[in-house]
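Going by the order they are written in, the chains are A, B, C and D; count residues from 1 in each one.
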Amino acid sequence: MEQQALLQVNHLSTHFRSNPTGLFRRAGLIKAVDDISFFINRGEVLSLVGESGCGKTTVGRTLTKLQPSSGGEALFHGRDILPLSQSVFRPLRREIQMIFQDPFASLNPRLTIEQTLAEPLFIHKLAADSNQARQQVADILEQVGLDASVMKRHPHEFSGGQRQRIGIARVMIVKPKLIIADEAVSALDVSIQAQVLNLLKQLQQEHRLSMLFISHDLGVVRHISDRVAVMYRGKIVETASKPEIFSNPQHAYTKKLLAAIPRVPTLQRAS
Amino acid sequence: MLGYTLKRLLTLIPTLLVASILIFLFVHLIPGDPASILLGDSATPEEIASLSAHMGLDRPLWQQYLVWFKNVLHGDFGQSIFFKTPVLEVIADGAETSICLALMTMFWIVLIGIPVGIVSASFHGSWVDQITSGGAMLLASIPTFWLGLYLILIFSVGLGWFPSSGFPSISDEGGLSNLRYLILPSLTLAAPNAALIVRLVRASMLDVSREDHVRTARAKGLHPARVSIKHVFRNALIAVAAAFGFTFAALVSEAVVTETVFSLPGIGRLVVQSILRRDYPVIQGVILLIVLLYLVINLLVDLAYARLDPRVSLQ
Amino acid sequence: MTLRTTIAAVFRGRKLAALGAVWLCIITVAAIGAQFIAPFDPLEIDPIARLSEPGLPYLFGTDHFGRDTFSRAVYGARMALIIGIGSVLVALICGGLIGLLSAYFSTLGHFLMRIIDVLMAFPALLLALVLMTLLERSVINTVIVIGIVYATTTARIFFGMTLKLKNEVFIDAARCSGAGHGSILFRHILPNLWSPLLVQASFIFAFAQLQAAALDFLGLGLPPEVASWGNMLAEEKIYITRAPWLLMFPGALIILSVFSMNLVGDAMRDSIDPRFKNDIAGI
Amino acid sequence: MALLEINNLSIAVASQGQLLPVVTDCSFSVAAHETLGVVGESGCGKSLTALAIMGLLEGSQVNITSGSIVFDGRDLLQLRPAQRRAIMGNQMAMVFQEPMTSLNPVYRIGEQITEVLQQHRKITHRESRQRALELLDLVKIPHPQDRIDSYPHQLSGGQRQRVMIAIAMACEPALLIADEPTTALDVTVQKEVLDLMLDLQTRTGTSIILISHDLGVIAETCDEVAVMYRGRIIEKATTASLFANMAHPYTRGLLASIPTIDTDNDWLQAIPGRVPGIDEKVNGCPFHPRCAHTETPCTQTAPRLIDTHPHHAVRCHFAGEI
C-alpha cells in the first residue's frame, strides 16, 4: 500500500447476545459483523451494500463506538480506536461523524436547530461564545441549502428533506475527516433524495471527505461511491471498484442483487 | 413451560428475602415496646425487662431477624401478642372472609368492567363512550370508605336489603346465604377497580384498533362486531392481563379500608388493628403473605401472558 | 408552541376537562385565601349548634363539636393542595431521579429497580400505614409517606420512558457529537420527559387525595385537629345516620377534586408523545 | 366494460373543523385481467385512493366528498355496509405495505386464511383448511403443512407478505389492490413477491392495482400507469406510451431523479423545492412552484387532463410542447 489509509479495518467482529435478560437463560450469540476487513483512503467514498439484517448498520455503529466491538481493530490515522475509552475517544468524534437514516428521529424535538447545531461547537471548543457559534451555524445552514433564519425553529417545522439537510449540517459543522452515512437518503422521496444526494456528493468533493456510505440501494451507491463492498450475513463477500462491481460482479450474491433491481426504461427525449 | 415456572419460582427467593428484611425492619422500627403493651400500664420495669428477654426482644436486631426467618421457613410465624395464639391461626381465621370477598369482587370486576370497556371502546367518541368512560373515571375518584358508608346508609339502614356489617362463616348457620353479608362490601371494593378495568379495556382496545392487522381484518369483509371482539379485544386482552397484577395490589389496599368500614373479620381489618395494637408477629406474617401472594399472582399473570401472546416464549 | 396554544390544544373539545380545570382553580383560590373566605374559625366550637343542618349562618351545617363545616371545608382545600403538591414533589423528585438514573446507568439501575420491584409488591396503603406508624402523625410526614409510596411507581414509569428515549436516534446523534452523560441526561432526555411528567403529576395528585383520606379514615393520617376533608369524614362517620349531610360535603369535595384532576390528566395525556401514553399510570 | 371505474373521486381529510382536499377529481378505470400502476411520492393521495376503493375509509377522519366508484356495474358508494362487506375480501381484496404488522400476531396463519374463506364461502372447517394449504402452496411457502400452524412472528417479512397475498387471493377476487406491497422488503425478496403476484394474475385472471413510489417496479409490472401529484392524476398512459412519450414535467423530473444502476452520471437532475403540505393552498397547476417551465397560465388556472397520444393523457397547459 503506497499511502496509509485514513481508516483501516482489520478482522472486525461485533457480536450481540440475544435475550440478555433472565437469570438462567443461556444467551445465544448473534454474529452481526463477522471478521470483516476494509479500508478507506482520504477523499474516497466506500459503499457498504447489503440487505436488511446483513450487519452493515452495525459496522457503522461499531466504528462510531455506539456499539462495543467483539474483536479486530479499526485504525484511524493508524491508531486503533476500538479499545479507546469514551472519554479518550471524545476528541476524535469531531473527526469521525455519522449521518443517520431517519431524519425524523435523529433531531431532538425539544431543541431549536441552532441549539442542535451549536452543541458540537461548544463540546469541541470550536466556538468561543454564542455569537461566534451563531455565525458558524448560519454559514453551515447556507452551505446545505437552508436559509439562516430557520435556526430559531424546532425540527417538527421541517420536511424530511430539510431535516436531513440539518442532519448533514450538524455533521459538517465540525469539519470532520470521515463521515459514516447510514442509509442517509433511504427515508426520503425520490425527488428529495436526488437533492440530498447531490448535496452530499458536492460537499464530499469540495472538502475531499472520506465517506463510508451504508446503503441497500445499488442505484444510490452507483451514484456516489468510488469503491463498493457487498455484505451478506455479517461478512463482506466482495469488494471492488465501482465500475468493476457493476459491469463485472464476481460473487453470486452480488449478481443476484443486481439482477433483482427493477429497471426503469431510460427516457426517450421527445423531440 | 414447567421449566420456566420452576425458574421463576427460584427467582422469587431473593425477592422474598429482600422483602422479609424490609418488613422486619419496618415493623421493628415502629415505636412502642410490645412487652410493655402486652403487660399493660401497671407493669413494673422488671416485669417488662424479663418478658422482653423471654421474647428475645433484647437481642440484636439481626439475630432477632434470623430467628424469625428460620421459624418462618418452618412455617412458624410466631405467636400473636394480642390473641396469644399462633399467627398462622389468626390469619387463617380471617382468610375465609377475605377470600370470599376477593372472589366476589373479582366477579363484579370481570362481569361489569370488561363488557362496559368493550362497549365504551366500540362506540368511541359517541355519547355512550362519554358516559361510560366518564362514569368510570368518576367512580374511580370516590374514596372507598365514603362509598361504603353511603351504601350502608342507603341499602342497609334505609332500605334494609342487606346486612350492614360482619360476616358469619359460610359453615355457620345460614350457609351460602351468608354471602349476602358480602354483597355491599364486594360492590364497594369492586367499584374503583372495575372502573380501572373499564378505562384499561377501552384504552387498550383503542390502541389495538389503530394497528395495521385490524385493517386487514376489516378488508376481509368481517362484521364490525366480529372485528371488535375477535381481533381488537383479543389483542387488547394482553395489556389487560398484564395490569391484573397491579390491580391485585390496589385491591388489597382498598380491602383494608372496606373490611374496616363493614367490620368484616378479614385479613385487611386484622392488619390495621394489629398495626394499632403493635402486634408485630401478626403484621409481619400478614404482610409477608400478601407479598408472597402478589408475587405468585404476577407469576400466574406472566404464564397467562404467554398463553395470550404467542410472541412471548417461555424459555 | 406558546403556553396559550398548548392549553387550548389540551382542552379543545373537552368541556368536562375544562370544567375540571376551573374547579381546581376554585380550590386553589379557596386554599390560598382560606382565612378571608371562611366565615368562621375552623376550630371554633359552638356547643349550642351541634349537628345543625345546612342553612344560615352555617352553610354546610356543623359537626358534632359544633364547628362550622363550610369553614372547615375551605381550610380543607388548603390541606388538599398541600398534600397533593407535596406528595407530587416527593414522588417525582425521588422516583423520577431513581428511574432516570437507573435506566441510563444500567449496572446501578439493575440493582435499584430490583429494590423498587420488591417495594411494589407492598400494597400502597399498607406501606403507607406501616410507614405512618414509624413516624408521628403530622402534615409533613403524611406528605412524605404518600410521596414515597408513589415514588416506586414513578420510578418504574420513568425507568421505562428513559429506556425508550435512550435508544432514540437523536441520543445516538448527540453521542456522536461528543455529548457527555450529564448533557445527554439533562439536555436531551429530561426535556423530552417534561410533558409525561406533568401528566403523571396530575394523576399522583389525584391518587394522593384518596390515599390521604383513607389514612385519615383509618386514624393514621393527619393529626385529628387538622381541618382536612379526610379528617372531617373520619370524625363524623358515626353520625352518618343522624346527619347524613355531614359526610356529603367533604366527600363531594374530595370526589370533585380527584375527578377534576383525573379529567385534566386524561386530557393532557392525549396530547403527549403517544409512545409514553401507556407508561403513565393513571385512570 | 371496465371492471372498475373511478369517476371524479375527491377525498378530503377533516382537520380542526375544515376539510382539506387530499385527492381531487380522480378518474381512472381498470379493465379485467389488467394491471394498473399508481405511482407518486408520499402524500400524493395514492394510498387514500386505494383505501377508498376498498371501503376502508369508514370511521376515519378521511371522507369521500364526491365521485363514484363503479365496480362490476355497481356504485360502491351507494351500497349498504353489509353489501359492501360482502364484496370486501371476496370480489375485491387488498395487500398492504407492512407485512410485519398486517397480520394479527395472536392467531396462527392458517386461522387467518380460513377466516376469510368462512366469511364468504359456505364451506366446512376441514374444506377451508384444505383450501388454506393449497393457497400457501400457491404463494410458494415451503412445507405448507408445517407452516399453516405457525404464528406470524415465526415467519420472515417476505413469507408474511406471501401469507397476506394468500389471504387476499383466497376467494379468487376479481380485483387485487396492492398498496406498496414490496416497499418494506429487500430487493431480492421484492422480485420474488412481484413475480408471484404476476404469476397468480396469469393463473387466475385477476386485475391488479399496484400502488408504488418506485417507477422501476411500475415499469416492470404494469400495463397502464397513473402518475399522481398532490392528489391529482397528472399523467395517465399505457406503460409503453408513458416511457416513450413522457410529457408531464413532474413525471420526467421523477424519472430523472432516480439514480439508476445502469448509467453513470455525476449529478442527478433533482426536482427543486418540496411538495407543499396539504394545508397549503396552491393556485393554478399544483406543480407550478417546482416546475422549470412555469408560465403565466400555470399560476392561474388548473390544467385539465388532455389526451396527447392514444391512451396517453397529461394534465399540463403545455403538454406535448415541452
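Operating definition for what follows: a residue touches a chain if its C-beta (ideal position, glycine included) is under 8 Å from a C-beta of that chain, and two chains touch if they have at least 3 such contacts.
Predicted model, so just to flag it, every value in this text is computed and none were measured.
Between the contact lists of subunit C and subunit D, the overlap consists of A, B. The innermost chain, defined by the distance from its C-alpha mean to the mean of all protein C-alpha atoms, is C.
Subunit A and subunit D, compared by their mean Cα positions, are separated by 33 Å. Centres computed as Cα averages put subunit B at a distance of 22 Å from subunit C.
Averaged Cα coordinates give subunit A a centre that lies 48 Å from the centre of subunit C.
Note: centroid distance subunit B to subunit D, computed from Cα atoms, is 53 Å. Residues 14-15, 18-19, 22, 26-27, 29-31, 134, 136-138, 140-146, 149-150, 152-153, 157, 195-196, 199, 203, 207, 239, 246, 249-250, 252-254, 256-257, 260, 271-272, 275-276, 283, 287, 290-291, 294-295 of subunit B are the ones touching subunit C in the complex.
Those residues of subunit B that touch subunit D in the shared complex are 211-213, 215-223, 231, 234-235, 238, 308-311. Remark: subunit A residues 51-52, 159, 161-162, 189-195, 197-198, 201, 216-220, 222-223, 246, 256-268, 270 touch subunit D in the complex. On subunit C, the positions that touch subunit B within their shared complex are 16, 114-115, 117-126, 129-131, 133-134, 206, 210, 213-214, 217-220, 230, 233, 237, 240-241, 244, 247, 251, 254-255, 258-259, 262-263, 266, 278, 281, 283. Chain contact summary for the complex, subunit C toward subunit A: residues 168-170, 172-180, 183, 187-188, 191-192.
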